[in-house]
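Letters A, B, C and D mark the chains as written, and numbering starts fresh at 1 in each.
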Amino acid sequence: MSLAVTLPGLALKNPVMPASGCFGFGKEYSQFFDLNELGAIIVKAATGEARYGNPTPRVAETSSGMLNAIGLQNPGVDNIIADELPFLSRFDTPVIANIAGSTVEEYVKVAETLNKSNDLSAIELNISCPNVKEGGVQFGTDPELAKEVTYKVKQASNYPVYVKLSPNVTNITTMAKAVVDAGADGLSMINTLTGMQINLKKRAPIIANKTGGLSGPAIKPVAIRMIYEVRQALSDIPIIGMGGIMTAEDVLEFLLAGANAVAVGTANFQNPHACPEIIAELPGILSKYGFESVEEAIGKGHVHG
Amino acid sequence: MSLAVTLPGLALKNPVMPASGCFGFGKEYSQFFDLNELGAIIVKAATGEARYGNPTPRVAETSSGMLNAIGLQNPGVDNIIADELPFLSRFDTPVIANIAGSTVEEYVKVAETLNKSNDLSAIELNISCPNVKEGGVQFGTDPELAKEVTYKVKQASNYPVYVKLSPNVTNITTMAKAVVDAGADGLSMINTLTGMQINLKKRAPIIANKTGGLSGPAIKPVAIRMIYEVRQALSDIPIIGMGGIMTAEDVLEFLLAGANAVAVGTANFQNPHACPEIIAELPGILSKYGFESVEEAIGKGHVHG
Amino acid sequence: MITKQSLEINSHIQIAEDTFEVVLQSSLSKELKPGQFVHIQLPGHMLRRPVSIANVNPEAETFTMIFKIFGEGTRNLSKYQAGEFLDVILPCGTHYPIEDLSLEHALLVGGGIGVPPLYYLGTKLKEKGVKVTSVLGFQSASHVFYEEKFQQLGETFIATNDGTYGQKGFVTDIISKLDKPIDYYFSCGPTPMLQAVTSQLADQKGYISLEERMGCGVGTCYACVVPLKADPSKNKKICKDGPVFPANEVNLA
Amino acid sequence: MITKQSLEINSHIQIAEDTFEVVLQSSLSKELKPGQFVHIQLPGHMLRRPVSIANVNPEAETFTMIFKIFGEGTRNLSKYQAGEFLDVILPCGTHYPIEDLSLEHALLVGGGIGVPPLYYLGTKLKEKGVKVTSVLGFQSASHVFYEEKFQQLGETFIATNDGTYGQKGFVTDIISKLDKPIDYYFSCGPTPMLQAVTSQLADQKGYISLEERMGCGVGTCYACVVPLKADPSKNKKICKDGPVFPANEVNLA
């Protein structure tokens, strides 16, 4: 049973990696398990300067999901390169940086700065963070802006660029095509759906930022649908799929929909062992459903007509 | 404790009504409880001619939700007027027809035909049904088309028109403004989010139509966010809110977000007594959170800044 | 009348591999007819699960259902114990209309989880003095259940897919060797089996019971339709117009 | 080291209105320090629930937690029984650094569900020979718990919001009448109480323990931050850098 998958810049021993923002920079979860077990690691978003993020509360629980509005808190790209990435370099696991910004210039600057690090294998271009007032989300919902930022980051970066798409759009295929046209090496989808929960006692949104990003199993059907649609339209583009993965069965569902690899986000909070447990169960699940490798399952859920 | 709410064409004794497509034409659930208890009843979509709908399977279960792709099966507007609506006229509960179509002409024809019925109080214009191949969803995602169909139906109908919005859009406020500009008397939101689930054994989407509409508590945060946003932008437009309501607390959350009344969909399938039980609990929940009437709670979850 | 009840579990035992027999207490038991089903709410699940009525004890006011673990919902159901309660909508759907049929010899053809409703039907037929022959298909020996009970109703043949018990093969293999004159057949099981049985017995009168993914289970949501043979542009609801249909009424293709 | 364990419940009893005391068996018990918390998974809930450690029995390898029903998660937790298991991440967060402090007389100030961690702290202080005075605030008489246990640690004053027990009013009303010389205060409770206490005791050294809605509980998600007084553009994570902070370090406004 081969779990290996090869994507631009990423020779993965298995297709499972923690999702950006749900694993910090790896240190905390390295107390729970050996990070060598992971297919790859996508770290928390990096911006040009350190960001404080949004006021608290920043999270809320929903039915089969959660809302978050962290607001891209991070120590800034320079500190990430200096203080965070070296720790991860000791593992035999590719690291993907997630980059964010308020302006095209900031994105480009972060991408350029990351070229200095030798601890990376790829970049995930987060054009879809719904929790920052300026920038962020417009890039993810306007195909022209998405094209521009993708093109410029691609020019600036020495690494393969995976563009992370927002699900908060009328037409996901249009967005996917736009960034692929602009040179994206792959796609990462989906980021969170914008949502809100209201505190009945306080008569106000629970999240201080009012809206937050909905993640977890609640959004899995939307993620599967979008990946399926994009895979129908773009048969060759590498896709890292995510949104509500909790089990190895979920991973297989994403592979069938057309993902080449997957990321696990919210599940880490419920179970810090989520990633290694899913990886351990994957071979059994693949063979239960008649597959001999991960590669074999990719896109096999598509029917024609 | 007053539960009454007055909306264009609708003097509701309480703000709770079953959602379109989740209550048929009332007969089956009238075996479980007295339909007089309901604030109103929104019946299944009517099209110009009888529609067979999509192939089966038409439903699937998801985490805290379900997918459906019924495909607007209905006996056609003439049969609905002749065979279905008269049964409901014996109850002291306003009836709202839900109209759908593939072309502007079909919508207009259905609206005109419904003028013949004396058993209605309002029309819900479903421009957002994601489960029919032609028509349906484009009206719900293109502001210009939405405007046109709203305007023409409004011209054709003797009844107040509530336009039911699709959540599958980048900007819900743009859609809301478009239909309000075109004369909508109110909004109904949200319809289902487009989703998919894949059957691992069959290696194909479970729903025969491939995609289906996601409903239930999973989507509640998206519904609350969209209603909140539209209420911020349009302070006076009546809104019937829906999406994942299971309890009287959920109803209050929708009222706080800005809904004037609410519809309960998927919950009916889990509990045929869902609507009357929610109505019975509503006064207690309102007073627990310090409200003396439904009207008082509407929009009270908004904070400024 | 259809009702939602909270029903106490009187007994809950495993009777075959992954297969459980549950006896529930309900004041409505005596009204339940063969072919009807109940619609069960399980915590953590959005949709109810339909399960057929496998027997009724009108004096004790209990009824029996038999289910097999298929996915998460039935796995959840398998963990219940006697004394716990289930939230159930009942009775759902139509029944085998045996009161209206002139019957001397009935053939019951069941496959897997299609077997349970036929047992209740068989007891009712026997009460009426009808001769009953049963042909039951299971995956393998470990899945066989209720064989003796069916034998008490009349001659009973078992087929298993892998030949570990009874005859190796399908119910149709057995039926082709039966040369008993029957008036009606009654069949319940997976759709491929029903397709095979209805074409094999095309010139016999019969009733079949169908399965489909359900939403409401009471006829409001149009989830569970089956096209009509006479006019495939029309359909019927399995939860309300069915699950029992005259064999030639619906289009299984 | 922080670990996820499945812990058996040794006892689970109600000790006041809506308030439960749970004793859990864990091989890590003896490593748990006052001020730390555990992060509990409850079925059907996406996020874990943080609950403080209220006491430890190192010989029995058990620890105690005390919680109040607040919403669905704690309601769910209240239904567990001895013999059942809980999925727990432990130990989480920092502790009151009493080993490093030169202490003769400590003031404990707790409000509601902020009281439990102070009990474990008090036992440790007493072990060290520190004199302990406790001021505890509750909603009303029916919510009071552990009064006698605190009295065994030292002088204990109770305030209730509605005056149904002890002194009517807030913990600050009692503190203002105390004129005991204390070295340090240790406080845990709702943020408004902490604000009042920290400003009332602004010229005393002290430690406070904070609450915030959490995601991971281990420091990866940045959900649970609190701004620093020195530079409110910087913040610390309550789950990892806290929940215990020097009283003047963080900005509660």
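Throughout what follows, contacts are C-beta pairs under 8 Å (C-beta built on N, C-alpha and C of every residue); 3 or more make two chains touch, one makes a residue touch a chain.
Remember, predicted model here, so these are calculated numbers, not experimental data.
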Shared interface partners, meaning chains that touch chain A and chain D: none
Minimum number of chain-to-chain contact steps, chain A to chain C: 2
Of all other chains, the one whose Cα centre sits farthest from chain A: C
Whole-Å gap separating chain C and chain D, where each centre is the average of the chain's CA atoms: 57
Centre distance in Å when chain B and chain C are each reduced to the mean of their C-alpha atoms: 36
Chain centre separation in whole Å, for chain D relative to chain B (CA means): 46
Distance between chain centroids, defined by C-alpha means - chain A, chain B (Å): 33
Sequence positions of chain A contacting 2 or more other chains: 62, 64-65, 216
Sites on chain C touched by chain B in the complex: 1-4, 41, 45-48, 73, 89, 212-227, 233-235, 240
For the chain B and chain C complex, residues of the former touching the latter: 21-24, 27-29, 31-32, 44, 52-53, 56-62, 64-66, 68, 70, 73, 206, 216, 266, 268-273
Complex interface listing, chain A residues touching chain B: 62-65, 67, 141, 168-171, 193-198, 200-201, 203-205, 210-212, 214, 216-222, 224-225, 228, 244, 249, 252-253, 256-257, 289, 300-303
